[in-house]
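Structures for review follow.
Two complexes come next, and they have one chain in common, chain A, joined by chain B in the first and chain C in the second.
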Partner chain A sequence: MSKKTLTFLLMDAPFEQARVTTAFRLIEDALEKGHDVNVFTYEGGVSLSFTEQKPHPNAVHGRSVVEEEHPLPKDWIAFIQEKAKEKGCNFNWINCGLCLDERGVNDAIVGCERGGPADFLVWAKNSTSTLVIGTK
Partner chain B sequence: MKALQIIQSAYRCTVEEQDDPVVWFAQVLQNNGGEIDILLKGNAVNYVIAGQDSSGLKFGKWQQNQPAKLDLDLTDCLKNGLGIYIISEDAQDRGIPTDKIIAGIKTVSRKELPALFEEYEQVWHW
Partner chain C sequence: MAKYFLIESRSPFDSAEVTHNYQLASDLANAGHEVTLFLVENGVFVTRSQASVHSFNNLEKVALLVDDFSLRERGIELSEVRSEIKPANLGLVVDAMAEGQKVMWL
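The block that comes next holds the complex of A and B.
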């Protein structure tokens, strides 16, 4: 199979919709198959890479913070970055800069850059396919 | 690249850009060399009614001074070369009078959508 470049646009904030989890699964599957992936986040999606996300214990379940192993999207991104390196794939991530400013979440994990819609347009023009996963 | 933006969620997140975020995004893409058109469906067809007014939001001493003006945003889009379509059945279902629709808006029926989509390299459903 020839290498493809896929671009995704994500809009949902962390945790609030299953669309984010589904998108991450699609992204990982694309990398697993050896394709390059670009991700542009817009609106609430810019918080996915925010470094200050923190896990917490779950008193209802009677689990400590360690036992709970609370999933954090910023960690998912880091794991996907690692996978991309292992697979020899390009994995690029750009957050909408204005959306970052509005939400005060500029402090993104390493590898997640600041940009704007024009970056997304360039990616879309040069990708095999582009999937916008809007929010509702 | 010619791309069609389909907008369905209406008046969502309008306090963020004080605009519809996808309409805003489409304008940025157009200004950066994209060939962008917009298709409004569902409740979003309401954006094409001229003279709508969403002002008046206030909390305590704070008052929103730049409320979203979707009709004016769409008028700007038209001036900048974006084509704007609405689905005729969705407009009829909502009782939108044709004489209230902004000049320059194009109407398509649901059965005409496949042919419309064929005109674009990419179709993005927001």
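The block that comes next holds the complex of A and C.
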């Protein structure tokens, strides 16, 4: 299949909905197949790239931080960024600026930029397909 | 006529809205469009042959697919899945997007 540009819009915050995990599965699959990928986040989705996410131990089950292996979405994004480089794909991530300000999560990991709806519109116009995964 | 690839992640037992989404898939197919309904996450609960969901029974013209990973997560064996629903890989969503189908997460 020839290289396409696919855009995803995410709105769910970390740790709340299975939709986030499915979205990352889709994004990884798209890169694995050699497509260029754009991700725009609104609302809770802007927290996915927040640098201050931290793992924690599980005192109830007696697991240390290392044993708990607590997954963090910011690390998933970093993994996908590396995958994109390995595959020679373009991978862009933009968080809605106003949503970042509301939530006080402006510190995003490297490679995740601040933007606005106009950026999403440009991407949608220039993509083969755009998938909006909204909150429910 | 267009190609629609619809994704349903919720169970009809979670929300009555899901029955409307099944109706949408049915209506599009009856209008002559090529329609695929891909069930993922809790949307796979309806695929069990023991489940009784009246609104899911009007989808004869719709291609029904279910995410095999979501089935495994929920302990649903392939042998429990209704025969008209085909287990599939989530990558088909990406393929549909790359083909330019009208992909919608319901």
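Methods note: the second predicted complex is superposed on the first by the 136 of 136 C-alpha atoms of A that agree within 3 Å, B and C clash if a C-alpha of one lies under 4 Å from a C-alpha of the other, contacts with A are read in each partner's own complex, and residues count from 1 in each chain.
We take it that a contact is a pair of C-beta atoms (placed from the backbone, for glycine too) under 8 Å apart; a residue touches a chain by one contact, two chains touch by 3 or more.
As the structure is a prediction and not an experimental result, all values here were calculated from the model.
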item	value
Fit or clash between chain C and chain B when superposed on chain A	fit
Contacts of A:V60 with chain B and chain C, given as first, second, both or neither	neither
Chain A as apex of chain B and chain C, Cα-centre angle in degrees (nearest 10)	60
Partner chain(s) touched by A:K136 [first = chain B, second = chain C, both, neither]	both
Chain B versus chain C as contact partner of A:K4, first or second or both or neither	second
Touching partner for A:T22 - first (chain B), second (chain C), both, neither	second
Partner chain in contact with A:L121 - chain B first, chain C second, else both or neither	first
Partner chain(s) touched by A:E102 [first = chain B, second = chain C, both, neither]	first
Smallest separation in angstrom, by C-alpha atoms, between chain B and chain C in the superposition	5
Contacts on chain A seen with chain B and repeated with chain C across the two complexes	132, 134, 136
Of chain B, residues touching chain A in the complex	1, 3, 9, 12-13, 16, 21-22, 25, 28-29, 32-34, 122, 124-126
Residues of chain A touching chain B in the complex	9, 11, 42-43, 99, 102, 116-118, 120-121, 124-125, 130, 132, 134-136
Residues of chain C defined as touching chain A within the complex	9-10, 15, 40-42, 69, 90-91, 93-98, 100-101, 103-105
Chain A - residues contacting chain C, complex	1, 4, 6, 18-19, 22, 25-26, 29-30, 33, 35, 128-129, 131-134, 136
